[in-house]
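So, here come the structures, one by one.
Common to both upcoming complexes is chain A, partnered first by chain B, then by chain C.
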Partner chain A sequence: MPKQDIINSMYRVRFHGRGGQGMKTASRVLGKAFFLEGFEVQDAPRYGAERRGAPIFAYVRASRKAINERGIIRRPDLVVVADDSLVDIPAAGVSQGVSTATVVLIYSNHEPGTWKQRCSLPENVVTLPFPEDTQHEHRFISTICAGAAARLSGAISRDCLKEAVQEELADLGEEMVQANLSRALHAYDLMAPYSNLVVAGAGETGETFSKPDWIELPFEPARVSAPSIHAVLTSEKVATGLWRTMRPVIDDSLCQRCGLCNSLCPEGAISLDTAGFPQIDYVHCKGCMICVAECPTHAIHTLPEHETEKGLE
Partner chain B sequence: MKRTLLTGNAAAAWGMRLAGVDYLPAFPITPQTEIIETVARWIDTGEIDCRMVTLESEHSMITAAGAAAATGVRVFSATSSQGLLYGMEMLYTVAGWRAPFVLVNVSRGLSSPITLEPDHNDIFAARDSGFLQIHCATCQEVLDSIILAYRLAEDERVRLPVIVNLDGFYLSFTREPVEIPKSETVARFLPPFDPGNVRFRASEPVSQAVAVLGGGPYSYFRYQAHLAAMNATSVFEEIGKEFEEFFGRGYGSLETYRSDDAELVFVMLGSFATKAKDAVDRLRAAGQAVGLVRPRLLRPFPADAFRQALAGKKGVAVIDQNLSAGSGGILHRELTAALYGQPETPPVLASFIGGLGGRNIGPEDFFGIAAETSQAIAAGKTPPPRLLFSEGELKDVRQLQAIAGISPEKPGRDA
Partner chain C sequence: MSETRFQSLKDLPAAHLLGTGTAMCAGCGALEALHGIYDILGEKTVFINAAGCMTLLSVYPYTPFRGSWLYTAMASAPAGAQGVRDALDILLEKKRIGPEDDLQTVVLTGDGSAYGMGLSATSAAIERGLDFLYICYDNEGYGNTGHQSSGATPHGARTATCKGGHGFGGYKKDLFAIWAAHRPAYVATVVGAEPLDLARKVEKAKAMQGPRLLIALAPCPTGWDYDPRETVKIGKLAVKSGVWPLKEYIGGKTVHTKLPRKRLPVEEYLKTQGRFTHLFEPQRDEQTIQEIQARVDAYWHEFDG
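Take a look at the complex of A and B:
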């Protein structure tokens, strides 16, 4: 695929994953690799009051010219999804700003066609299947994603990727560097058929833009506009502080007792009772909804906290 | 010189390291903590020789910083947001001691409601304290400004503490290419602190800032600090040029970008100004004569440089990433005061409030600001202030309010 004018274009890459999967590391490895190739680079994680398992993202910009853009990438050229359970969750914002020009790389065992159909994603969906030893290999998810992204850009040599992994992970010791390196390079090689698929975009122009939908913000009385929470649950009433705005609720009649939710809950907040049915500890559930996304029989649904009249159960 | 990728926080730590700091009082707060963590690690590995002390609050931390600076050693500290405000009493006090040191502030919006993301209300709260303020737009500028700040603070004509400000997230956690200067070159540009008569010693008790009774002496001392701060504009220009001779990067009190032949000029502070730069390029490509003027110094306020840079412009759009409740954008007010009654003052001086609590200012916002200001120029009338806030954002707020059990139709019940 022919590249656009390389001087005025910029690679804009967004990594989506869950807290703990290493999206910041992925963005740093890719950023460093671009930098070693002679690009100007900006890489950053986006986090706030995050917790393990919550959707987070990180991003990389790379250009031959100085980069003046900052902050969230709204029109990405490449979106990398390290955790395929995020694709379905609107709040994770995976598809935000994705256009027909965007390449979407999903670390997933489902075929690209499945994702395109299921989530109305554009044509350029590429999947990177899990290695066989999934349990063990998931530890390397960040370097796997960075390696694959490097190849998709078509702008990064194998040597620069190698050097980037070595530099960014140096603090972890030689053994971990080598373990990560082999995964990153393997992913890089696997993506060979799609090398150069990503096209660096030109960004918005000052000629054709839609005027922002600014409004005149009217005065509203303090009983509406004071930032107070009037719902049943407030942090004061929850021993662990309140994270959730929505809660997962299990329908035992649909539950097959497979125990998947129990093993995937990042907070260990789902236990199994003597009959094998999962029980959610709402004091420790942070509302990440991994269980909802993973439940094979869709036995777990979500309920807004303000609709839980009883409050703490 | 080594060019590598550094976050704004790492760049701040490097600035401190190259400045050869003797003493670092510390207290953690997001998004600043990485700075002192980085320095602590270097002290631990023996890479730098500095005494670090963790204090029990920012109030104590700034007291310790001022007291140590008064003994004639080189002092560095860092804070953010609520921390800066917690130390506010001591900001005024140590500035009154005329003890030079450098404090980094990583800007973050103030409570309430609480946020972690940046705006400038924290640093604007310190604007009248006697601390000088250098505002950075890139990670490179963070490193360079800390070195410049020591020269500025320790200069005999100034001798005041300096705050170097960088935006949380957009600089603090964002890596960019940064040139790390050689320490030998920095040592030549910034030799060890020659404290002169700044020599507070436990063994030789003196009173650090006397008590004065009556407004006369008080006025004298405070106004002297003001005059010293005013001197800092020309001193900064001077050392900024010298910096260029050493390191190839020059710094003035204002950064002007494509503004010489511009008819319409954006004015804004900090890292979001690079977004404005990007918008300027895109608007220029679309045939609009737009430029940017960004103050690096907020204190002293570079009024003369502003008058010069904005003379004859048709319109100016000041984008304030702060809000003085009951007044509006602070930079807009200060700029208006500086330009009023001057020859060739721009007839339109529009005020936009944007980027509060890290709210993004996208290209379309800048294009919209340019369009609205152009209309005002055509109409010959400055428009009312505008908050950059969209229909979609109000919808998001309504959703949050719904979760909190409230809506305009169903306001909060009485107790």
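Take a look at the complex of A and C:
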């Protein structure tokens, strides 16, 4: 790449995860690492109704020149997916704006080929397999993803990554910093074969900026363009069941029909059938597992979503 | 208590009024309490909601309610309720609506608004004798913006604004006492983890007129840092340890509705939440734990006589 182009180019990285996994932290660590390498940097999570378990987005831009772009990243050079159950969910928008030049990194035990085939993703899919002790290691997803992304960019040295983790996580105390650091560096090293895979996109100037696709709306009276909606219970159109990674399953043979789960479910996602047996509404159950914890006869157990046949409904 | 229609869990409504699909976190203790409250209050309600987590219940065009909902600034929900109540009264007076179409005016705010920003508007509304029900979901911090300290944050808790080794240095405001000092018709504390106690209090409040106020302790997995499945367990521990007394103010008297016969040590409650971890690790902060225990003991000592 000619020197001028490197100067004008910009890395655009988009993180996808679930609320609670630390995507904001991942974007801060990566952003800080770029910054320590001398880049101009923007890093920010998308603001909105961030909730545990719900799809979350965070963005990093890094360039050798001042960054004039703002807002969400529509055409990413690197997409990092911290939770592979998001890939199939349209609302998570993993493949949004992904081109043949985009690299997609998925934290997953499935092979890249599986993802390419299943989700028609571009050629450059890289997977980062889970460590063996999954239960424990999932606490470090954010730094694992940041470490891997740093290596894929090819622009960040091991030392800068190290310093970035130390600075960003200093509040958590030395023990947690070290625990995160070893995971971040391990992921960084694992990605060695793919170092430099990400190609920074062209920097945009006012002249080259391509306008979003405007939708021309005819001028209409307010009651047409902003209808007042008098329907009730419209929230039920929102499938919050997508937030769930584990599901509660009721064993009717152990259920005493006490109705406690029905009373305590914060969502109101458990109803009682005519015989008094509880039925779970999986379209809306967010998987808090209060029913599992409170059931007096232990008639409700948890099942990982990927082990259910209709896990993606 | 004999007049209540809620003698056992079986008497609680099995079909719920509040819709699913809201944006509240999985395991939200505030949503759990609101569920129980709404089931008893019924559809003939209009909610006046100050800015907070719960404003995300109704994001256009979605709503989990079966009736109207009004969004106000953080300090003004009781003022909004006054306007709605006045409008309803005028419509009734002019016979534009019949008594069967009248609605309960319900204020819904978090603790940031109830204990802090909205307190003067609430005080004035009680003073005017406004006929309304106030529901405060108390998750002991500004939960919707990352859990900063509020007037409801308990001593020693870590929040986004008190990250140091000792947590929040202040003390939780006694909102129950502040409200009761206004001599309204009714004040009560509730928690979603005790649905029967909650239902009885809402039933009682619903049948009254004038200012009626409820504070619902709302265990918050996100802000208090615990596994969402523990919400009910933590709510019950708050009651059993004496940290959250279930009580009501009625006819000038305060009565406890659930007496923890043998109170559990407060540390049983504190230990369950990440926001108090620094009291136990890396070293045990005996002084702070003892101070919290002593304050709870002093509270109960006063009532035990």
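Some observations on this one:
Here, the second predicted complex is superposed on the first by the 202 of 313 C-alpha atoms of A that agree within 3 Å, B and C clash if a C-alpha of one lies under 4 Å from a C-alpha of the other, contacts with A are read in each partner's own complex, and residues count from 1 in each chain.
In this text, contacts are C-beta pairs under 8 Å (C-beta built on N, C-alpha and C of every residue); 3 or more make two chains touch, one makes a residue touch a chain.
The structure displayed is predicted, hence computed values, not measured ones.
In the overlay built on the shared chain, the residue A:294 is in contact with chain C alone; chain B does not reach it.
In the superposition on chain A, contact is made by A:264 with chain C only, not with chain B. Judged by the touch definition given at the top, the superposed model places A:68 against chain B, while chain C stays out of reach. In the superposed model, A:284 makes contact with chain C only, not with chain B. When the two structures are aligned on the shared chain, A:171 is found in touch with chain C, with no touch to chain B. In the superposed model, A:44 makes contact with chain B only, not with chain C. When both complexes are overlaid on chain A, the residue A:136 reaches neither chain B nor chain C.
Residue overlap on chain A between its contacts with chain B in one complex and with chain C in the other: 49, 229, 232. Here chain B touches chain A in the complex through residues 5, 7, 112-113, 116-117, 169-170, 173-177, 271-272, 274-275, 277-279, 281-286, 288, 360, 362-365, 367-368, 370-371, 386-392, 394, 401-408, 411-413, going by the rule given at the top.
By the touch rule above, chain A contacts chain C in their complex via residues 19-20, 49, 51-54, 171, 229, 232-240, 243-244, 258-260, 262-269, 271-272, 281, 283-284, 286-290, 292-294. Listed in rising order, the residues of chain C touching chain A in the complex are 9-10, 12, 14-16, 18-29, 31-32, 35-36, 56-67, 163, 192-193, 195, 221-222, 227-233.
Partner chain B is touched in their complex by these residues of chain A: 28, 31-32, 35, 40-49, 67-72, 74, 203-207, 209-215, 217, 220-221, 223-224, 226-232, 245, 304-306.
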